[in-house]
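Heads up, the next two complexes both have chain A, just with different partners, chain B and then chain C.
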Partner chain A sequence: MKLYLDENKNAAARKVVLNDMMLTTELSTTAGSKMLEGYKSLFEAEAVTRLKAAGFEIAGKSNVGELSLGLLGETSYFGAVTDDKGNLALAANEIVKTTDAVGAVGLDANGSFLRGAALSDQVAIKPTYGTVSRFGTVSVACSGETVCVSAKSVADAQSLLCAIAGHDDKDGTSLSDSECQRLCADAPRESIKKIAVAKSLALSADEATRAKIHAVVDALKAKGIEVEPIDDSVLIAAKTAWNALMCAELCNNVSKYDGVKYGYRTKNYTNIDELYTNSRTEAFGELLKTAILFGSEALSTENYMPVYDKSLRVRRVICERFAEIFKDYGAVLMPVCSKTAYTEKDVADNKYISFDEASYIAPAYISGLPAVVVGGVLLVGAAFSENALLELAKIAEEG
Partner chain B sequence: MAKYETVIGLEVHIELATNSKIFCSCSAKFGGEQNDHVCPACCGMPGMLPVVNKRVVDLGMTAGMMLNCDINRVTTFDKKSYYYPDLPAAYQTTQWFAPVAVNGKVRIETSKGEKFIRIKQIHMEEDAGKLVHDDWTDTTLVDFNRTSVPLIEIVSQPDLNSAEEVVAYLEQLRSLLRFAKVSECRMEQGSMRCDVNLSVRPEGSDKLGVRTEMKNMNSISAIERAIAYETARHIDAIENGTEELVQETRRWDDIKGMSFAMRNKETAGDYRYFPDPNVMPVCIDDEWFERIKKSLPELPSVKKDRYIDELGLSEYDADILTQSRALCDCFEEAYAVSGLVKESANWIISNCMNVLNRKQLTADMLNIDGKALGKLILLVADGKVGHANAKKILEAMFDEDIDPEAYANENGYIVSNDTGKIEGVIRAVVAADPKSVADYKGGKEKALMALFGKCMKELKGNCDPQVLRELLIKIINE
Partner chain C sequence: MLYMNSDILRRLQKLNQLKLTDSEERDVLAFFEKQSAELESLSSAIDTENVERMVHVMPILTVVREDVVVKNFTREELQAGAPETMDGYWQVPRLVE
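For the complex of A and B:
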C-alpha cells in the first residue's frame, strides 16, 4: 500500500503533505495516473511556493485517485489505500493521522479530499473559488476545482489556508488580494447565529451519518445557534449538473496527455493515430475513461444544449438558491457522504459510486462556495465566510 | 450554355502585431530558432493557466472598428478540441459564442464599380505550431514557436463573386489593418492566410450550390488561380457530370495547379466547443471602448481625398502615399514642419522610396523621423544645402537619429555664400580649361555645363547653383 508516491525524507518541522495533483519541481507529480508516472514539472504550484514561504516543509506527495477521481483514492494506478480497519481511506488523511505532519493540501474537484477528511474524522476546508491560486495544479475541472486543506484540528487547517490564500497574476480566475484577505484568521467576521440543515440530503444518508449530523447540531444548539431544516430540492440538482460539467472539462483537460510530448508512450504504434489511441488506452484507468466518454458526449454538438449548457444554467439556479438561503441562514449543514465507512467491495459493486456520492459535495463545487468538513459533516457558507464557518467548526470540534 | 455565378466567402486569418503570445509571455515575433519561443504554457504542460494578453483585445477591437463592425462589450473565449501534433494542449482557444466584433462591412472597388462586402464576425484565437518533416530520417518533429501567437479570423458573408473581387477585398483588408497597425499582413510570412469557401450556381438562382473550402491559401496569385480552377471544376461537374460535388475541404496544390480533396480524417469531427472556464469574460467598458476608438487612424481613402482636395496633391502622389501608414505619417510630419506640400510628397515618393528600394525594404518599413525630414526639406528650400548633399543627409537619417542642420555643419554640407571663394574656384577652373571656354564662346552650351560641374565639384556642392552659374558666365565673358 502506497501512502506516498514520492517522499521528501529530509522534511523536518511543520511538515505538509501535498496530494499528487500539486506540481513540485523536486518531487514527481503523477496525478495518480500511469500516464504521468515519474513526471517532473519545470515549475511548482503557487500554493507550494506560498507554503514554503510561510515556513512549511513539503513532506511528500500523497497517493491520489487518478486525476483525483473516485470515491477516495481507489482509482490510483498505484493502488488503493485502506485504514487500520480495512476501510477505504485517502492517503493524505492516513499520513496526517499516523505522522507528525500538520496537514495536507490538495486539489479537489469531485469531493474525494472532503470525503477523506470526513471518514477519518479530520477537518477540511474548501475555500471560496478564486481565493487560492490553481496555478501549478493538474487541471481536472477548472470551473470548480479548488485547492483545499485538511488537518487534525480546525486551527491547523486554518493556518494552512492562511498560508496559501491570496491573489496570483498567473491564474486568470484568481480574486483580488482584498477579497482573499477576508480568509485570514484575524480578518473581521460576522458570527453565524442561525444555520439551515439540508433536509432531504440529510435524510438520504445512513443512520451513522445522521447521528454525526445530530451531534454537530446539538453542539451548535448548546452554544445558542439556531438550527432549522430547509427545503433543499433545488440543491439536489447540483449532482447531475456538476458531474456533467466536471466530466466535460476533465475530458478536455486530459486530452493533452497524448503520448507525444511527455508522459507514457505506447510501444505499440505505426502511426500518429495509433500512438494517441494506444498510449491513452494503456495508460488511463477505467473510471477516467468513463469520465472522458461521458464528458465528450456532453460536449458533442447534439448534447451541448441539453446537457452542457443546461448544466451551466443549473449552476446559476443553485447559486441563486444559495443566495436566497443565506439571507436567513449563515450556513447550510449537510452530509459529506452517505455512509461513515466504505470498503473496496462497495466500489466493486457500484463502479459509479463516486458520481452518486457527488450529491453532497456538488452544491459547494458547482457554486464555488466555501465549505468546511468537521465532525464528519459539511458546512457550506456564503462566499468569503470561511472564518465564520471555522468558528462553527470550533464549536463542533469541542463537541 | 447557361451562365454561372460564383459565390465566395472568405475566412481570413491575420496574426496580430503583439510582442508576446496571447496567453503567456513568450515572444510572438516571426523567426527565431525552432522552439526558441516556448514555455510550459504554450507547449501544453500540466499546471499552466491562460492569462489574456489585453493588447490582443485592443487589436481585435481595432480591427472590428476599422471594418465597421459592432463590438461585443462582453466577449468570451472558448475551447475547440481536436487532436493534431501541432496543437500541444489538444484544444485551441478561440471565440465561438461571443466574438469580439460582428456585422461589419468593407467597401471594395473593382472594374465593375464599388461594392460592399459584409463581415459576419471577427474572432480572436491562438495559432498552432508547425510540423517539420525530415525526409531523410522519415520523422516529423514539431516547432511550437507559433503556438499561441494571437490571430484574428475575419469571416465574410458569401458576398464575393469573382477572383477580382476577392483580390480587391484582401487588398482592402490589408491596407486597413496595416494602417491601424493591427498586423503587417504579410502573406509570405504567413501573417495573413485565407480559407476560400466557394460554390457555383446558375445566374439568377437564389439557391446556393455545393460548397467546397480551400484552406490556408497564402498568396494572392495562388488564390486567383485556385478560384479559377475550382470554379471551372464546379461548372464542369454541373454541366458534364464529370464528378459529384460534395461539401468538403480541399487542399490547393499551387505547383500542380489543382485542388485535391483532403482525407476525411483531417476534416471530419466534432470540435466540442465550450466556454473556457479559465478565461473570465472580457468586459469592455466605455473608457476602454473610447480609448480604442480615439486611437483609430484616418482611413486611407479619406486621407487620399484630403490630400487631393485640401493639400492639392495629384491623385498619383496621393495614391502612392496612402499605400502605407508609414509613408502618410512621415509625409504629414514633414509637411507640418516645412509647410511645403509638394516638396514633402516628392521627397518621400522619390528620394525615400529610392533608399527603401535599395535597402530592399517595403514602404511600411520607412522609419525615418518625419520632423527631421521636414527640417531637411527647409534647408534645401532655403538654399542652405545642395540637392546632392541633402540626399546624403537623408541616407544618414535611415541609419541614425540626426538633426539635419547639425549633421550638415559637421560634414561641411552647408552652402557657402562667400562669393570671393566661389570666384576664386571659378577662375582656377576657367584658367585650367581654356578649350571649354573657347567652345562655349563658340556657341557650345554644353561646354558651360562641363565647367559648371567642375566648379561644383571643387566646391563640394556647397554653392547655390544659380549664383554659381551667374558668376561663371560673368567671369568667362570678362
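For the complex of A and C:
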C-alpha cells in the first residue's frame, strides 16, 4: 500500500500533502499513471507556490487514482490504499489522519477528493470554479475540475483555502482578485438561515449515509436553521451530463501522452503508429482507456449534438435550477456518496462504480459551484458562498 | 443513441491509439450500452430545445498580458524527461522510407 508516491522527508512544520495531480519541481508527479512514472515538472502549480508563500511545507505527493479517476484512488498504477478497517481510502486523507499534516490540496474532477474526505470524516472544500488557479495541474476536465482542500477541521481547511485562492494570470479561467478575495476568512458574508435537502439523492443513499444526513440536519436545526426537502429531479441529470463532458475533455487532455516528448515509451515498436499505440496501451489503465473512448465517441460527428452539445445545454438547465433554489435557500445538502465505506470487492464487482457515484458530486462540478464536505455530507452553495457554507460546517462539526 | 458495436469500437481504438483486450472490449461495450441508456433518459427528462449551450460556468475575461519577456526553458531542460533524444531532437522511428 503506497500512501506517498514521493516524499519530502525534510518537511518540518505546517505540512501539507499534495495529491499527485499537482505539479512540483522537487518531487515527481505521476497522476497515478504508469505514463508519468518518475516524471519531474519544470514548473510548479500556482497553488503550490502560494502554499509555500503562506508558510506551508510540502510533505509529499499522495497516491491518486489514474488521472484522479476512480472511486477512491484504486485505479492508481501504484496500487489502492486501504484504511485500518480494510476499506478503500484516499491516500491524502489517510496521511492527514495518521500524521501531523495540516491537510491536503489536490485537483479533483470526478469527486474522489470529496468522497475520500467524507469517508475519512474529514472536511473538504471544493471552491467556486475560477477562484483557485489550475495552472500547473495535470488537467482532466478543464471546464469543471477544481483545486480542492481537505483537513481534519473546518478551521484548517479554511486556512488552506485562503492560502491558495486568488487571481492568476497564468490561468485563463481565473477570476478577478476582488472575486477571489470573497473566499478570505475575514470577507463579509451573509449567514445561511435556511437550507434544502436534495430529496431523492438523499433517499438513494444507504441507511448509514442517511443517518449522517440526519445528524447534520439535527445539528443545524438546533441552531435555528430551517431545513426543507426539495425536488432534485433536475440536479439528478448532472451525473450523465458531467460524465459525458468530463470524458470528452479528458480525451483531449490525454492525447498529448504519446511516448515521444515525455512519459512512458514502449519497447515494443517498429513504426510510429506502434510507438503511439503500444505506449498508451501499456501505460494507461482500463478505466482511463474506457473514459478516453467514451469521450472520443461523445465528440464524434454522429454523437456531438445528442451527447456533447446536449450535456452543455443540460449544464445551463442545472445552473438555472440552482439559481432558482438559491432564491429561497442558502445551500443544498446531499450525500457525497451512496455508502459510508467501499471495499476493493465493490470495485471488482462494478469497475465503473465511480461513474455511478458521480450522481452526488456532479451537480457541484458541472455548475462550478462551491461545496463543503462535513460530517460525511455535502453542502452546495451559490458562487462565492464558501464562508457561509463553512459557518454551517462549523455547526455540523460541533454537532 | 450512442450506438456502439465491435467494429465501431475498433475504429475508436485506432483513432485514440489504444488497443483493448477481448475481455476489455466486452466490458467497454457494456459500459457504452449503460451510458447510452442513461443518455436516452437524459434526453427525455430534460428539455433543452430552447436552451443555450453553457461551455464556461463563469464569465471568462479575455486574458491579455503585458508583452514582457519571461523565463524560457532551454532545449536541454525541455528534453530532460524525453524517452529518447538525439542531437537535441526528440527521436521517433523513421516516418518516411
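As a working rule, the second predicted complex is superposed on the first by the 399 of 399 C-alpha atoms of A that agree within 3 Å, B and C clash if a C-alpha of one lies under 4 Å from a C-alpha of the other, contacts with A are read in each partner's own complex, and residues count from 1 in each chain.
Assume a contact is a pair of C-beta atoms (placed from the backbone, for glycine too) under 8 Å apart; a residue touches a chain by one contact, two chains touch by 3 or more.
Please read these numbers as outputs of a predicted model, since none were measured by experiment.
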First, second, both or neither for A:23, with chain B first and chain C second: first
Touching partner for A:40 - first (chain B), second (chain C), both, neither: second
Larger contact residue set on chain A - chain B or chain C: C
Chain B versus chain C as contact partner of A:301, first or second or both or neither: first
First (chain B), second (chain C), both or neither touched by A:286: second
First (chain B), second (chain C), both or neither touched by A:271: second
First (chain B), second (chain C), both or neither touched by A:313: second
Which superposed partner A:134 touches (first chain B, second chain C, both, neither): first
Touched partner set for A:172, first chain B, second chain C, both or neither: both
Which superposed partner A:261 touches (first chain B, second chain C, both, neither): both
Residues of chain A that lie at the interface with chain B and also at the interface with chain C: 39, 42, 143, 169, 172-173, 251, 255, 258, 260-262, 272-273, 276, 296, 312
Contact set on chain A toward chain C in their complex: 39-40, 42, 128-130, 143-144, 169, 172-173, 175-176, 233-234, 237, 239-241, 243-244, 251, 255, 258-265, 269-273, 275-278, 280-281, 284, 286, 289-290, 292-294, 296-298, 302-303, 306-307, 309-310, 312-317, 319, 351-352, 355, 366-368, 383
Parts of chain B lying in touch with chain A, wherever the complex brings them together: 40, 43-52, 79, 81, 83, 85, 88-91, 142, 265, 270, 272-275, 277-280
Residues on chain C engaged by chain A in the complex (per definition of touch): 1-4, 8-9, 12-13, 15-20, 24, 27-28, 31-32, 34-35, 38-39, 41-43, 45-46, 48, 51-58, 60-61, 63, 65, 73, 77-78, 80-84, 90, 92-93, 95
Complex contact set, residues of chain A against chain B: 23, 29, 31, 36, 39, 41-43, 45, 134-139, 141-143, 169-173, 248-249, 251-252, 255-256, 258, 260-262, 272-273, 276, 296, 299-301, 304, 308, 312
